[in-house]
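The same subunit A turns up in both complexes below, where it pairs with subunit B and then with subunit C.
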Partner chain A sequence: MRAFRWMLVLLLLTGCSDQRILEKVGFIRTIAYDLAGRDGAKLLKVTISIPKTKQEESIVYSAVARTSKQARAIFDRQNNRRLVNGQLRQIVFGEALARDGIWSHLDAIMRDPSVGIHSHVVVAEGDTERMMTKKYEQGGTAGEYIDDLLRAESASRDIPHTNLHSFIRDYYDDGIEPVATILKELPNSLMVDGLALFRKDRYVGRIQGVDKMYFGILRDSVHMGDLNMEGVKMGEESVPISMSYIRSHRKIRFSSPKGLTQGKRLKVDIEIKLRGSMLEYYGQEPLDSVANQRKLEAGMSKYVAKKCQSLIGIMQRSKTDSIGLGQHVRNAMHYRDWKKLDWNETFAAADITVRASVKIKDIGKLIRS
Partner chain B sequence: MMFRLGKLLLRLLSAPRSPTSSGAPPARTDQPEPTLAHILKEFDKCMDVSHRRFASLGMDVVYLSYLVGNEELYRDIIQPFSKASEREAAVILDNPPYAEAKDATACVDGILAGRAAIFFRDKTYLVKIDTSTGRSIEQSESETVISGPHDGFVENMEQNLSVLRRRIKSSHLKTIELPVGEISRSNVVLVYLEGIANDELVQMLIERIRSVEIDSIMDASMFVQLIDENPDSVFPQFLTTERPDAVASKILGGRIAGFVDGSPSVFCTPTSFFDFFSSPDDYYQRWLLGTSLRVLRLFGFLITICFTAFYVSITTFHYEMIPHTMLLNLTESRSRVPFPPLIEALLMEGTIELLREAGARLPTKIGQTIGIVGGIVIGQAAVQAGFTSNILIIAVATSAIASFVIPSYIMSASLRLIRFGLIILAGILGNLGLIMGIGFVMIHLAGITNLGTSYLTPLAPFNFGDVLDTFVRGPFWALRKRPSIVKTKNKVRTKMRK
Partner chain C sequence: MKEKLNRFHIGIFIYMIELDVTVFSLPRLVAENFGTNGWLGLLALSLVAFANIGLIHFVYRLGKGRSIFQIIETALPKWCAYPLYVLLAGFWLSVGAFIGKDFILIFQMLAFQSTDSMLIFFMYCLMAYFLLIKDLYSIMKAVTLFFILTTALNGLFPFFFQEWKLIRLTTSFFQDAQPGGHSLYGMAEMYTVFVGYELCMLMFPYVNEKSKLFQGVYFGQLFTVFLQQLFVWVSFGFFSFPELKVLSYPLIHTLEYVEFPFINRMENLIFPFFLFSNLLSTVFFSFASMLCLRRIFPQARPKLIEFFLILGVFLLGYIPKILRQSELLVRHSYFIEIGIAIVLPLLLLLFIKVGQWRQKEVKV
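Right after this comes the complex of A and B.
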């Protein structure tokens, strides 16, 4: 009987809930922030894209306002459905804004419990509004195109996951800095053009699109992907090659962190083990022979180590530890000491050497004529 | 009030009924003698009462003509007594199947049960000459199996007991007859294996059945509602089945079965919630398949109570849980519907229930039209007319189909009711309401007892051995023990100590 009474109470409360009935809300799929106005004005330009039920089209609103809430109010006054964040898939930041810091915007989005944690964080090189309104040959709306593009990229492990979850995790974690995908506007398409390195929430450095696989190897173990190398020394010869289905494993060693507190320079050794299939090889010498394979492996090891070393140079110059060396150092010392340490400076000044050992797992189908 | 009054009158008119199982009834001084005159007065205005007189012997025979069989009448009355002398007749009557009736009540009861009352030399004898009329044994329509025995219980209790006796050939199989129904005098027979079933539970059940006060009972499913511990619960607490093989296996597992006069259903106790989800088929298949079917049924249970409610919940509150590509289709389909999802779902579920009830009430030949009308109206026209969204049709249909995989019709019907409660909760509070509703149901289930045993056994209290025969159907080598719910002394299936 008591249960029935409760049911009655619930029935009477029907009107007092935050219903969001499907057809009465507009789902924002992409939201883009950019700076607007002349220097010093610090105005914000917010663009949102709402897919229509006919999947081919979307509604794009853009407004310039002081805060994103104000922009939202402008959109609400235009749109016939209540705008909600629950189906957000991409959060796009203009390059200029990213350099200024993006945390306040990200934080506002993250606090909405309906926002999925897999939304991608993207830094756009180009005009965000134009990127959203443009019709792409790849079909569908811009939001769908970007979504599929990023999914395909991270599925092939070419880029580390750069979603909201990993961004916030790395932001809050000590000893690692977040990264985001860079999307570049081309005349009739978009392109994943590398990775934006952040220091806290400021965009400070950039990894070229062609190098992002090497960055992936440095950041974590890689289970899948292709590695392109140009000009690998094989004895005398210099050959372009491409390894497929690579698996890598990194190992980090560093000098005793005790010295760090005394201001000594940190010495880090990164050892990368890499195995993959050699499917594209343009050299003269046949790969059937084990001796030639060993020669090539030596050349590739040197090449990979050099590439990685140069990426670390970029990070050190930007003073951002995007590959998480700090996590390892932190785990080896007292938290008190770690707190005292300015890790970014330590990282920038550290002596980091990368050693790689590349193994050819197989060379594909054997063809002998 | 009228019922009470009637009962009082009945008490005054006739002696109190006496339980046959317990010793001699207390002697009453005002007990009328079982004389012919008294009996004939009792059956005054009954056109079916027959009175036959053997003048040479001074013997009177009274019986109800529609209850007795001609063959039996000839064999036990006409043939022995038509040529016998008075001395011979006395000898015959002293031996079975003839038995002396002690008082008038026993005599009247005997005649009503199809016996013939023989009045001879101031004494009254009863002999059973009834004949059984009714269906012959055939497959139960509500519980069918693909493979396995195809017999089912019928309305005749003696036939049912004989079917069971033929399955369990053991002298430990005890049958206790208990009369129930102040006017109808139906019998309930409890069947159990002595030494395996828990004596306390048997005693408890007997006492409970004796304390039932009702004018008549028509069916076992009706009777169990009088003796269960939670009469206000929607859940059936005694498993009722029409399958002899199921009853035999329950009895062998240490449970008590109850046969009710005139009912093809037999109730078994103590039963847990999960017993309603097992079918004899599970044991006739290979165990891996039996296990899969059990798991499928439990999923069916979840789908049937939750699926439509979940649809209502996510379309009303949790749009972010829907995959994006599906969302757009769903929105397009929903945008033509003028009602909020809660009303939409209640309308559709109501229609399905109407269809189902119509199908159950209509004769089979007209019943087929219901399928066509329902299929077209619900399947297509409702969506095209913008009455509901097509995903809702899928949800409603799936939960209806899922409700049919539950072997017990009574349980499946109860779940339908719960589904409506969950839909309303989901429409008001979203997933929170849905989970709250499931919580209510769980709390309620955990509170139900059945002859003092927990309804959620073996989930609470947990028992791993029972899990092997509840959520899965373990291979027979793993099913060595009797279920814990029956509280038996003989836990091992192959043994039977006294």
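Right after this comes the complex of A and C.
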């Protein structure tokens, strides 16, 4: 009986057809989609990057095809390793394609159980193929560099999570729209240059890189990060200020949603409470005086409110509610009425006011310059 | 069997048998069939399950601890009871087989995609066989171990807090269900997540007064309901509501989110833990089937019935070849099982009464 059991085990081992030998597998780290032609031809340019075993170099393949899977078949014919998606970290979309809509590609990616939901969704400003083939001073492969860059940005809370999970979740949600990170190609490096605002799956607007934190505090509570302000009014003076370790909290109030379906204009009041350590201050007024600190706080509050107001303007012009006001309005309405409402239109027409209250938590180790 | 089960064993038995393939799609089923804040509907349905357990409890009390077979045979002649046993045995065996094959087909979405599903199912059956040939007390020891392994997974819940938002639960109740939701079919589909507790009917001979069988059953059901609620709450705040309705297996998606600095794609490591709970569902349904057959063939050689039963499970595994088929088979066989869970205790009550009348007649 014992011998029979061992024979059975050996017999079962011979049936392992699903082998994954590490040296014979090509892990796709980055996949990029772009339009192959701008003349309306529905051709895709798909580029993939596969790190070599030592992780310092990568193999980049690019092909023009109708679908992602067709391009994959072309790569399979070129590559000596079996391509797998299990370590996919970035899904990059060229700007033009992102404006056209990316759902069909995301759908195919999301459907694949081997793709992890932590993969970043990125909109690239520049040639996606060149971005992936270039050598960067930061070392490693382009894929690894992008991954580290985006993770560092997310960890500093500068940008909201823009991974596959958050993108798909907000794509389906009718009270918020998804966002993705914009990567810009520089001569020697890549830069997170802002956030791409989507309306469903179409890239319709952008938040500049310098304004990412303002967008962050509008979208959610922020518990970490730096806030840079140019030209905060402090009496007659206009000074640049940097706040570190900020914590913010937003409160949303709005007028009764009754009558919204009949075209009534919504009035929204966003109140932001923010505090942080002031570690960079170029003003002349000494900060050891409480009155001066209060004056500065008033100036910063106005500055933050104005900045946020301008971002709301961008979103309203793009008709996309990327900060999720709709989720709050939805919860105050009858679900049936909400379903009848064209939320993005209502949002675009809404009268939204941002008020901010900034408090200096501490002023660092020096009480005066 | 000398050793008797205690209420702890019974409790985890109920939990493990209810934790099967249905849990993978639980939040989707709730979203589809109940709509927004469907957790409340699930909670209400769980009361039905508690009422059903109450009915079985009543049978246990009236039957004074007699096994269901003894109760049936007090009212029915053997030629009438045996075909019923055969039917039950065949049905329970099919349920065990379909659960197992469904799990293997879902598992193959994540790993071993190109291996023949029947080869994996063969190994699954092998494991089921080695469990089934043990006595119930030994199986329960394995259940305890598997329980610890699978319950430990609930420690992963804090991973989702960062991305969890109460606002996604919405303030509406039972809105936007799928067409076909809010129907009897939808409720029955939803109720399939509780299927399994009715097998406690077969535990009557394995317990005594001290075992407090039904304390264990109620506790097991309560624990299951608690974890199901927790999982549904996590999912409704972690995914958006319309997204939940399109995710085939939200559980797998939530597991995909778990990541450590030194390891990612953890779901491939975590998911196989669910093998244990599904394996136990197969084993217990096969065990139920075996009890029926043992009643007909009490003199059968040890392990012979078990061998043929597992062979049957394996052969039944050939019926569903694709996931769509296996899901349908599991769902429909669970519908029948829901019927059995309600009708069988009612029949047993009737048989007990008939038995009592007969005894009175004999005395007279």
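Quick note on the criterion: the second predicted complex is superposed on the first by the 343 of 369 C-alpha atoms of A that agree within 3 Å, B and C clash if a C-alpha of one lies under 4 Å from a C-alpha of the other, contacts with A are read in each partner's own complex, and residues count from 1 in each chain.
We take it that contacts are C-beta pairs under 8 Å (C-beta built on N, C-alpha and C of every residue); 3 or more make two chains touch, one makes a residue touch a chain.
All of these numbers come straight from a predicted model, not from anything done at the bench.
Enquirer: Is A:P187 touching anything from subunit B or subunit C once the two structures are fitted on A? First, second, both or neither.
Expert: neither
Enquirer: With the two complexes superposed on chain A, say which partner A:H118 touches: subunit B (first), subunit C (second), both, or neither.
Expert: The answer is second: A:H118 touches subunit C but not subunit B.
Enquirer: Would you sort A:T53 into first (subunit B), second (subunit C), both or neither based on which partner it touches?
Expert: After superposing on A, A:T53 lies in contact with subunit B but is clear of subunit C.
Enquirer: Between subunit B and subunit C, whom does A:Y335 touch in the aligned arrangement: first, second, both, or neither?
Expert: second
Enquirer: Looking at the overlay, what does A:G263 touch: subunit B (first), subunit C (second), both, or neither?
Expert: Neither partner.
Enquirer: Just checking: does A:D170 make contact with subunit B only, subunit C only, both, or neither of them? Give me first, second, both or neither.
Expert: In the superposed model, A:D170 contacts subunit C only, not subunit B.
Enquirer: Figure out whether A:Q327 sits in contact with subunit B (first) or subunit C (second), or with both, or with neither.
Expert: Only subunit C; A:Q327 stays clear of subunit B.
Enquirer: Looking at the overlay, does A:V25 come into contact with subunit B only (first), subunit C only (second), both, or neither?
Expert: After superposition on chain A, A:V25 lies in contact with subunit B alone.
Enquirer: Which subunit A residues are contacted by subunit C in one complex and by subunit B in the other?
Expert: 17-18, 86-87, 114, 116.
Enquirer: Can you list the subunit C residues touching subunit A in their complex?
Expert: Interface residues on subunit C, with respect to subunit A: 36, 109-116, 119, 122-123, 126, 163, 167-168, 170-172, 175-176, 239-243, 246, 252-253, 256-257, 259, 264-265.
Enquirer: Note which residues of subunit B are touching subunit A in the complex, please.
Expert: 315-320, 324-325, 327-332, 334-335, 337, 340-341, 421, 424-425, 427-430, 433, 440
Enquirer: Report the residues of subunit A in contact with subunit C in the complex, numbered from low to high.
Expert: Contact set of subunit A toward subunit C: 8, 12, 15-18, 86-87, 113-114, 116-118, 161, 165-166, 168-174, 176, 324, 327-328, 330-332, 334-336, 339.
Enquirer: Under the definition above, what is the set of subunit A residues touching subunit B in their complex?
Expert: Listed in rising order, the residues of subunit A that touch subunit B are 3, 7, 10-11, 13-14, 17-23, 25, 27, 29, 51, 53-55, 84, 86-87, 89, 114-116, 147.
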